[in-house]
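Down below is the structure, laid out as structure tokens.
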């Protein structure tokens, strides 16, 4: 991502970003087929722990929200809910072509087409599905971005919250559902 | 000083009078009962000879502390019963007066045959009274068993007479003491059976459930406290004073008392009807008293009889009234009954707690004496049994009390709205009588040593039995 | 003032409170507060007159340190709990009777602790039993009162038996003399010892008499459960104390089989104590009702007290004596906290509440500190006393009892945490959104008890000094106390320094916490739910079957209550048989039995003469 | 196969289906009249077909008909039975079978949500089941155009630069 | 007790934090190598902790915060009491019961804070953790009890000192072999290592008590975990493996013991919580009781080396 903004972080922020970059914990939102690419990435073949990355159980603990595949409207509501439970700084990685432009589900009545309309995506990893090599490559890029202070999606989300909210409501109606099964 | 004969003659005379004075017979009854109690204070102690012949050849009456204690209990409770249920008592004036005469005679007489006569008088009046329950079947059972008992008693008497040639108690006691104990087994059994019918002991108490289970406030009180108290006094007179048994026969007597006690308490434990609980409890207490008499422990036995009679009077009267007013005496249906009758509830509670031997009530003093007497005799098994059974007794009484006091479902807070409605179980006089009796239990319990001395006053009881325990001597720091 | 006059005044005041309550319920409640505080003050002032002997009619009193100590424990529970009375009067069915019996039972306990002879002891003992039985029935359950009374009666009757047996041997009722008279006959002494301590066991809720505690504590009026658990249960400890000190058990049983230096009968009782610790703990873990849970915890803690007292040594005994104070304070406070919650929400079922901390923070802190003390976690009083008990056990090498003690101690973390989590933490229920903290008058006793618990943990020597006096009077070597330190053969404990270091650690953590950026406040419902939307707090609250996997391991264990039910059914069955056989209403049957009796007489007279 | 044959003949005799066939091994398909469904289900449940595996629907838009398919399974015989019935597409009303198979409540809600068939007697029919906040005609009807719906609801990505400009600010829409 | 004690105490905390966190990082590497991975950097654990401290956090009310502070405070106080190679910041307070119960303050604080979050997973996790504690503590406490009885001391430092000077033969783990085995198994349970880690099962109950922690709260939990590990390993080390005569010996033994538990847990599956209880109450409990009886009645293991 070529961004021509000046690096105006304070030294403390730089140190903080250094820590964030070297300890990236992910919350996988295993929405689609991409989830199956994660185990090889994690285990001995590719070993993402080398980079200080690891899976986390809950959004509170995680830094990265990893969206691994297509998002139906129902899922997107829950993804947004999860994202809002995460603590800043937080990052979103879109995974596979479905999150980029809808992929093969581009004309489905139930799946969305562009993730970045609803959540601030810092990094897309394209492919259907991306291979672990691609994933590792993407993670390295993400780490680099964080270190340089370029992964600022969470700030963008804060600053343009109205815009994101409007997109969410346009496509989803309501984000939080209250019905017979959710009471 | 009055002649003890008067206590028999006056009620008997008034009983005939009451037949004539139909309108005023209630007052006659009341007057006789009052006079009976008043006379107790002025009676001359000692032996009275009737008919000119001295004992052992003539008929005599013996007024000792034992007889006086019995007459005091029976007379007081008789008066109380008449006071509480005057309207009912009025209908039975003649019968009751005869019964009073019979009871006094039973307690006073020094002659075994006279005892039979007085017992018959009492028993016949009891048969008549039991018919007030309007269940002729039960009266009939009672009649049958009573007759069998009388016959047995008479047979026993004949045997004894043929063996000793006398019917005088003192003489008999002297002669029987020198006889082979085994030879006494048959007459003891026969006489035991005769008295056991009235004293409600196993195996002869088969009539009790029917009669007492359907008693009203008058008959219940009379049967459970007056008659049964008197019968037990007679039992004590015969088996602790006249026919002292030894060895196996004594063990059998003790055993029968013990069985009565245990079985009575066990049977009471499973009842839900108040009157049945009370009647089985009375059976149990009779067993205890009989057991004590058979062991030769007179003073504790007297305490047990007094404690039981007074308590049972209060409780049976209340139970009878409850049945009359509420139509049932199943305590499960009477939750919170005492909420509207707190005074009577208190009296009932005190009586029940006294019976279970709670300290500061008279029953505790009785229990303590029983235990002390047995322990002094180095007998450790019977006290243990008595205590276990006292526990059973406590269990069913507390269950009853709790239910009667507190309305509401199990597992929820008490609900005052669910309480059995109705106040005023008794008319003021009755309530006062019942309450005063319960207060007497409390007072005697608070001052046990005085009560004990009062009972054993003047030369003590037969056998020179005195309180086994004197609480004042047990103070700390001595 | 002599004890008798004091008691008489209390009884008169009790009667007065009866009439005050009849006139005005709330005023009657306040009357109990005044009277119980007066009694506490009187007893506290009696410290100076220790050693006196008094008598009144047939009652004999003797003022001892141990009686004073127990009275203080008891009256603390009574007086603190009485602050709740005025607010619960409207829920009582017999408010006047309640107040009267409350004060009568209080007077009874004082009389019992200062009793100089057995008759006095027994009279006051029974007074407490029946008065409290009539109070308990005003709560949720009539059966509870019944069970309580019957099991108390088991103990009372056994005690009466023991008293009379001792009396028949040694000819006196004076406590010490009656027992020392038994020294010549160990067989009788054993019977007396076991029978006498039975009432203590039943009152303390030692296995197999523990069944009444959950019933009675759980169902008694909320204002009486603290007294039951904090106070009346300790009467059993008093009996246990008498059994080993006034009754010189160690000397009399000195020749018997010894296990690790403990005579077999005492070791057996210790095993019962250990068993109650285990059973109390296991049962407490699976309760659904907060009060029943605390009741079972009293069973377990009763085990500690019993074991401690029975050790009758320098350390463990001190631990047992101190633990009864600590447990009284903590358990009264815990029950009061639950009562406060019940006052606001109307329930004590743990699964029907949650998140009360957000509405009743003070009550929460009171509960927290009291359960910390009960679980024996520093810096609370319960830790010091349990520490002493453990030291005593380790000193003697009582392995199995120690194992049970450890089990109860660790297990207590499990059960004390459960109400904490289910009632106070977790989600606040919709129904309780508008609940408020209780008023000052109800908060006051809870806070006082909590501070006392804390003080007992930080300055344990205040209590232990009294315990050393008791030890001296019992003729055993007192526990060694330095200025702030408790010294035992296996090491020493400086509770004050532990507290300071704890504070130091806490301070560092606090500084570390506040220098970091302030956190974002979110609602309780905003939690991780696997991204599912849940809108009902009741569904997001984990409180039912809290330890389900653990409970499953022993859910088939036999229930002691069934044993009593069987006995009860057996008696009823015998009764039914008797009724059918002897009282069937058929004269023929009766005559048959008369004949049978006749045969027995013939045999007795003729054959077995 | 004897049980199969006898089953088929039983069905023929009892239900008088319009046609029967065996689409696969141990499977029977029977087409019945719509008003015969209820009786047929009750009859088959009695015969041991205790499980309603699924209730689904097919939109025959050319015939202007909906075909309801009930698939039953017998755990005693191991046989599946399809019951098919066609109803009018313009008036898609049918009666509920929850009185025979209570579990059909959710299948009926599903069919209602995706096809708009109304099952009279099912109380929960109008509650949403799968489609949260659906605002168009039932999506599995053949006349529903998902592409148009998707275009109207979910913006498409137009070119690569748009995403790149996102991090610069969201004001390009 | 003067100001120097507190300074020492603070220094102990800092040193322990650095030492244990490094060791944890190295052990992550060890686990990775067991799984044929390259593994994280040796200082990864520091990065994780500082990253967590750096992040924003969410709070669910005052008890959520208070519990965390109480937990860390209690645990740090406990760390100060642990004798390390004969050094104690506050001499004489190293009673084994004090340490094991002060440890409970921290656990209770954590449990309180976790349950205060309102998340049911947290409560379930706490319930499991407490159950686990009940399982491992009984056998361990029986062995420790035996030791106190045998050596007449409940001071951890003294017990450690008594084992020194005789080489390996002086260690309690060798003198009381069954007790030593029990202690190591219990250490696995204490540390929450596999197979006794069901209370933080991430995939099942979303890491249990930790579910709602993020940011500095999570950082606190990690620091807490390091301290807790130090306490638990030190306790076993001092009681069963003779502590250390010098600080280097102590650190070396410590590292070996801790790595050993890591290696065991690296090849273990996970017990369900009731299975863990059953296991502890079958094998280790029996061993502990046998060991206790042997020591109490025969003195075997206590006297033969003396």
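Lettered A, B, C, D and E in written order, each chain numbered from 1.
Keep this in mind: contacts are C-beta pairs under 8 Å (C-beta built on N, C-alpha and C of every residue); 3 or more make two chains touch, one makes a residue touch a chain.
Bear in mind the structure is a predicted one, so any value in this text is a computation, not a measurement.
Chemist: Walk from subunit C over to subunit D along touching chains and report the minimum step count.
Modeler: The fewest touching-chain steps linking subunit C to subunit D number 2.
Chemist: Which chains contact both subunit B and subunit D?
Modeler: Touching subunit B as well as subunit D, we find no chain at all.
Chemist: Which chain is most remote from subunit C in terms of Cα centres?
Modeler: The chain lying farthest from subunit C is D.
Chemist: Where the centre of all protein Cα atoms falls, which chain's Cα centre is nearest to that point?
Modeler: C
Chemist: Looking at C-alpha means, what's the farthest chain from subunit E?
Modeler: Centre of mass proxy via C-alpha means gives B as farthest from subunit E.
Chemist: Determine which of the two chain pairs, C-E or A-C, is joined by the larger number of C-beta pairs in contact.
Modeler: By number of C-beta pairs in contact, C-E is the larger.
Chemist: Whole-Å distance, subunit A centre to subunit C centre, using C-alpha means?
Modeler: That gives a centre separation of 58 Å.
Chemist: Measuring from the mean C-alpha position of subunit A to the mean C-alpha position of subunit E, what distance in angstrom results?
Modeler: 37
Chemist: Need the CA-centroid distance for the pair subunit B / subunit C, whole Å please.
Modeler: The mean C-alpha positions of subunit B and subunit C differ by 42 Å.
Chemist: In angstrom, rounded to a whole number, how far apart do the mean CA points of subunit B and subunit E lie?
Modeler: 75
Chemist: By residue number and range, which residues of subunit C touch two or more other chains?
Modeler: Correct list: 520, 526, 528.
Chemist: Throw together a list of every chain pair that touches.
Modeler: A-C, A-D, A-E, B-C, C-E
Chemist: Give the list of subunit A residues in touch with subunit D in this complex.
Modeler: 1-3, 73-74, 77, 100-102, 106-114, 116-117, 120-121, 124, 152-153, 156, 160, 163-164, 167, 170-174, 177, 179-180
Chemist: Of all residues in subunit D, which touch subunit A in the complex?
Modeler: Per the stated touch rule, the residues are 124, 127-128, 131-133, 135-136, 139, 144, 146-147, 149-150, 153-157, 163-164, 166-171, 173.
Chemist: Show me the residue ranges of subunit C that touch subunit B in the complex, using the header's touch definition.
Modeler: Listed in rising order, the residues are 53-55, 57-62, 91, 93-94, 115-120, 122-123, 126-127, 130, 133-134, 137-143, 145-146, 149-150, 153-154, 157-158, 160-161, 164-165, 167-168, 172-175, 219, 568, 571-576, 578-579, 582-587, 589-591, 593-594, 596-598, 600-606, 608-609.
Chemist: Write out the stretch or stretches of subunit E touching subunit A in their complex.
Modeler: Residues 28, 32, 35-41, 44, 47-48, 50-51, 54-58, 202-203, 206-207, 210-215, 218 of subunit E touch subunit A in their complex.
Chemist: Under the touch definition given earlier, write down the residues of subunit C that touch subunit A in their complex.
Modeler: 520, 526, 528, 531-536, 539
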